[in-house]
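Some structures are shown below for you to check.
Below are two complexes that have chain A in common, paired first with chain B and then with chain C.
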Partner chain A sequence: MADFDIDLMSCPLPKMDYDTIQLAHGAGGKLSADLIDKIFIPRFGNETLDKLEDQAVLNIPKNKIAFTTDTFVVDPIFFPGGNIGELAINGTVNDVAMSGAKPLYLSVGFILEEGLPLETLHIIALSMEKAAKQAGVKIVAGDTKVVNRGSCDKLFINTSGIGIVPNNVNISANRLTPGDKIIISGSVADHGMAVMTTREDLSFKSKIKSDTAALNGLVEVMLNISEDIHAMRDPTRGGVATTLNEFAKQSDVGIQLYSDKIPVKHDVKGACEVLGIDPLYVANEGKLIAVVGSEIAENMVEAMLKHELGKNASIIGEVVNDNKGIVVQQTGLGVNRIIDLPVGEQLPRIC
Partner chain B sequence: MKYLDEFRDPKIAKQILAEIEFTVTKPWVIMEVCGGQTHSIIKNGIDQILPKEIELVHGPGCPVCVTPLEIIDKAIEIASTPNVIFTSFGDMLRVPGSKKDLFQVKSEGGDVRIIYSPLEALKIARNNPEKEVVFFAVGFETTAPGNAMAIYQADREGITNFSELVSHVLVPPAMEALLSSPKNRVQAYLAAGHVCAIMGWWEYDPIAEKYKVPIIPTGFESIDVLEGILLAVKQLEKGEYRVENQYLRAVKRGGNQPAQNIVNTIFEIGDRKWRGIGEIPQSGLKIKEEFSKYDAELKFAVDNIVTQESELCISGIVLQGLKKPHECPAFGKECTPSNPLGATMVSGEGACAAYYKYQRIRNG
Partner chain C sequence: MADFDIDLMSCPLPKMDYDTIQLAHGAGGKLSADLIDKIFIPRFGNETLDKLEDQAVLNIPKNKIAFTTDTFVVDPIFFPGGNIGELAINGTVNDVAMSGAKPLYLSVGFILEEGLPLETLHIIALSMEKAAKQAGVKIVAGDTKVVNRGSCDKLFINTSGIGIVPNNVNISANRLTPGDKIIISGSVADHGMAVMTTREDLSFKSKIKSDTAALNGLVEVMLNISEDIHAMRDPTRGGVATTLNEFAKQSDVGIQLYSDKIPVKHDVKGACEVLGIDPLYVANEGKLIAVVGSEIAENMVEAMLKHELGKNASIIGEVVNDNKGIVVQQTGLGVNRIIDLPVGEQLPRIC
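On to the complex of A and B.
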């Protein structure tokens, strides 16, 4: 359980009848109620959740609503820079926020493996509480299931989220137009390499930390500069390369990346070199790619640079008419290479 | 990044390129032996900026690509055996055998694990004494010392539930086999830098002399490759042929002696099949008799499996430098990285995969 937030230690696990998750914790009886009363309500409670109804009833303005769901199965569940709990909050907040929406409400579904230490669940709930507070969202519905030992790996978390889309905002992967600029909010590949270098059978140690963070605050800053953001996504699984390929295909345009403009931290780059992995294909959990008209790109980057999560923002390329559906990057020697979709998992090379 | 960016500096690259242009007066065919060099050439677009006189052909130096189908089938057979933990470097898992690949074995319940060093496989064996742990020991002289060390340590510690499925190949015999072929077009070699870091370059002196070809042990960054080409072209233009070391920061004439010692302790030279090329005498390593209890082929009795290669795939001809990947009728059609017919399409270092990844744009 390396490297979790020291703040989380200040709130000890409440006294409970068992130290580990039992099948009965998911059976709807006394132990289920115990879990809800002692771990979930104290962490996630609010006027909606506290009612313990079968559903949340919410007042929502007459706007467009953004709605998303995501399931988190990361292994290991604790990794440098975060854990599965805050990832589950931030990931869904980000998916909502990428539409330009202000995320408001989340649901949380846990699938717990029999035998999971309650202490582990408690620490994860604490960091979810903290992440939800930071993102300004409320957890208004939840569910817990317990499965036999071996039927899942420690715990899986599903979160769904809804948010309100401002009236004039229309962000979509099919709105890229030739001439648009591609902006990235910071350095790439931190999360994927943090997880990869923590897995037990890797023999080298690194200090790479996950970048998991909720991006809705940064999005708000960006919408203040202009509501006319054409496309926006957080490049998670498959990394920057995958997101840009999705953009190019959905808008039927080409994307030209400039040579050596994509920021990669020194140690992340080193780990990628050692394992033979291209950082463009590695997951991020606290970065966004935005596509905007060239006339507002500079102002947008300037505003992002002032925000903690955008302080390394930069323009990394542009939308072009050539090579429709394809992403190309100029090499240092001035010729273009294709940045293709990855095939399956990133596999380390032999030598 | 220090020690890397210096060797990727576009300004220096352009200076070397200008010198190549100044030196070259007639057409030359140069083969880069190692898949890592092929990858760097295609990734950086070096083949696109060279003067038209220079043709680069991609050599047989990708360990994934030259591992014969037969060995993949043996690996699949062993990995499907109950109570076995089968460990491998990552990119071997996607290489198609005659019926399936190792990923499929994994999805069917086989315990197949990606590791980064054979010593990790040994650790798994130590921690799971009730299981048989097998490591897929493929590659060139570069991976041989680590694979030898795992057997050496297993023997010293008396670990009996560990073995290796060995398909080790040696570079110099393959280079010589290509040169002695009547269809040979290669006029100079960029030798594989990391192989030379282990083995040194003294082995190449007689080859350069006998076949009258310049041999340049070369590194992997864009500057390395360009400088290697420059050294080769200078010799070619002057009618010279000798070994000239470009990769000075990693390669010494005698190589890495401790690494060679451990290899010679565990392995001995023997005949080896190469995928797409066939059997080359004295071109591989096999486990010595005294360590045969660590030989997975014998332990799991798979030494009798024999497999024929696919007829549609021309990877053997590509590996010999006789055809370019896109000249294969199946390239990009029946054969893609997500559905590879041959190993050269599987590994990122394989010539076909490298072409597919970076060059479709040029070929429409």
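On to the complex of A and C.
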């Protein structure tokens, strides 16, 4: 079921009185307690969460923190390369990490549909446990709501995250400066196309897998090269095109993309062509875009190439003085085309 | 529509290209930007949120913080005395405040159903703005997802919150000590019965209003009397009965409730009788239970009585040595009855 390697033999679904989620599992009574005790605490437990207070009290050693929230509604909830639970951990870890912060603590809020198989929730909780461990973060606060059948689609997950920002780091979408280089950590459009190609009416065979991954380890490597990263973001919904447009507008600069530098895997490119979708607009869940001064760009890429999640890193463009607020890509023919913000919704419920 | 006094004349829905939520409003592109610029930033804007980064970077002056999350799925989204937006602000402010912390920052995650009228979202955002101002908290991070029609019920809201815990405060469900007094800040069951009596098939006339309110101001008054509050919680889902059971179990003590001390408003009591529901099990959204040493209990109540949200505060019971883990209420006849955790779901989607 899950692509994340989950061993249900060594960690089977605990014996419970019901096989599926009941409204009472969200009511705060005995069944709520049962769900927390048997499904969540064994997976997420730590000295803070185990207290079962309504809030986590945390010791924060430094005084600048990053705080972020994201809700996950991806459909289907299991897709090649991952599932909604893993995505919910990695997505929020990444949003914290993109500020240069070290992610430390997460909260998790579930909305469950009455009738959801408990085994599904168990597998998702297992994936979340594994993803949180890999990223080195603790789940310290949680909430579960159950809605009646038909009032949500299986389950939705909100995660919020807290991290510590190093003192000298100041990463922001408004710090792009002409001459800066645009770096991408690897191939684009993997996550979005993995989800798209599994949707029922697009079931052509493909080996495309989501790239969902926690990027905080890669960010640490990058900050060791230089703390002076100007801007950084993970190009999720709306893809690389949207992130770069936001950068260009917020810094009031132009962005020039090199024509043939943006890495796209062969299968992904094929699927995009079949569906008529530009990979620059497709969601990624384990990639980052960094904007750095040209003097450190080569060193930065070199360091990234040595990390598993940066092994296809490359410089894909630069910040320019003209075309303020606009992203331009040179085509193979030497013509410039404007990479605008997407207007409609190509890929609903991708994350 | 909203009970919270919203002046749409002075703050009308901005002119937008659509009247209802489209899938593209959640896609991260132009329509997403439009929604953020016209509906959310005018309501929630502040120097942190306006940066439109994927995470808020916050200066935290002290080193112990409270962190909490809660998802709101209340049905209907407008009810007498409030709406889902106001509830989402107050609920998370209260969860932070119950640790004795001063709530400072909130994140907001929306799940919107395609087709939701923009005016509904606008009114809810206005209520949230007002509630956040009243509570003195800033919304510093946000996320919006849109799901296709039928995949959620109108809208759900997750809020996560951060606050600063004063150094000498140590409030916890495991600090109840025999002899301690149980204080409630006012009448019980208002919120739950306000929602129940508005559900379609229970439309008997009543004047019951939700008690939704931010309790951080009251908590400040209480901490001024003594920082040594042993335990504190807002009895939301599952009501007073559930909160006290959790306290009794986590501290391994008994709780004895006085028979006639629990304040229930006349209309609320009537509605509970008609529906066959015990008010002790019904959700509150603007009440707190505090457990304090007997030597300070009277002073604490006296101070609470002077605050708008504590004007019906009273001592409703005490912590005892016997009946460990159990909550007992003396009935009018002098017989003890056990107030157990609720087993089923009496009131789905109450918050």
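Note that the second predicted complex is superposed on the first by the 336 of 351 C-alpha atoms of A that agree within 3 Å, B and C clash if a C-alpha of one lies under 4 Å from a C-alpha of the other, contacts with A are read in each partner's own complex, and residues count from 1 in each chain.
The criterion applied here is as follows: contacts are C-beta pairs under 8 Å (C-beta built on N, C-alpha and C of every residue); 3 or more make two chains touch, one makes a residue touch a chain.
Fair warning: this is a prediction, and the values are worked out from it, not measured in the lab.
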Which partner does A:L215 contact after superposing on A: first (chain B), second (chain C), both, neither?
neither
Tell me which partner touches more residues of chain A in the superposed arrangement, chain B or chain C.
C
Quick one: classify A:L155 as touching chain B (first), chain C (second), both or neither.
neither
Tell me the contact category for A:S107 with respect to chain B and chain C: first, second, both or neither.
second
After lining up the shared chain so the two structures overlap, which partner does A:L275 touch, if you call chain B first and chain C second: first, second, both or neither?
first
Taking the superposition on A as described, I'd like to know which of chain B and chain C A:I326 touches: first, second, both or neither.
first
Go through the superposed model and pick first if A:L87 touches only chain B, second if only chain C, both, or neither.
neither
Applying the touch criterion given at the start, work out whether A:I338 contacts chain B, chain C, both or neither, answering first, second, both or neither.
first
Is A:D70 touching the first partner chain B, the second partner chain C, both, or neither of them?
second
Is A:V146 in contact with chain B, with chain C, with both, or with neither (first, second, both, neither)?
second
Report, in rising order, the residues of chain A that make contact with chain B in one complex and with chain C in the other.
343-345, 347-349
Taking the touch rule as given, give the residues of chain A at its contact with chain B in the complex, in rising order.
201-203, 259, 266, 269-270, 273, 275-276, 323, 326, 328, 331-338, 340, 343-345, 347-351
Okay, in this complex, where on chain C does chain A touch?
22-24, 26-33, 51-61, 63-73, 75, 95-96, 98-99, 101, 105, 107-111, 140-143, 145-148, 150-153, 156, 158, 160-163, 165, 172-174, 233-234, 236-238, 242, 246, 250, 341-349
Listed in rising order, chain B residues that touch chain A in their complex are 1, 4, 8-10, 13-14, 17, 36, 42-46, 48-49, 63-64, 89-94, 103, 113-117, 119-120, 123-124, 138-140, 142-143, 194, 222, 337-338, 347-349, 356-361
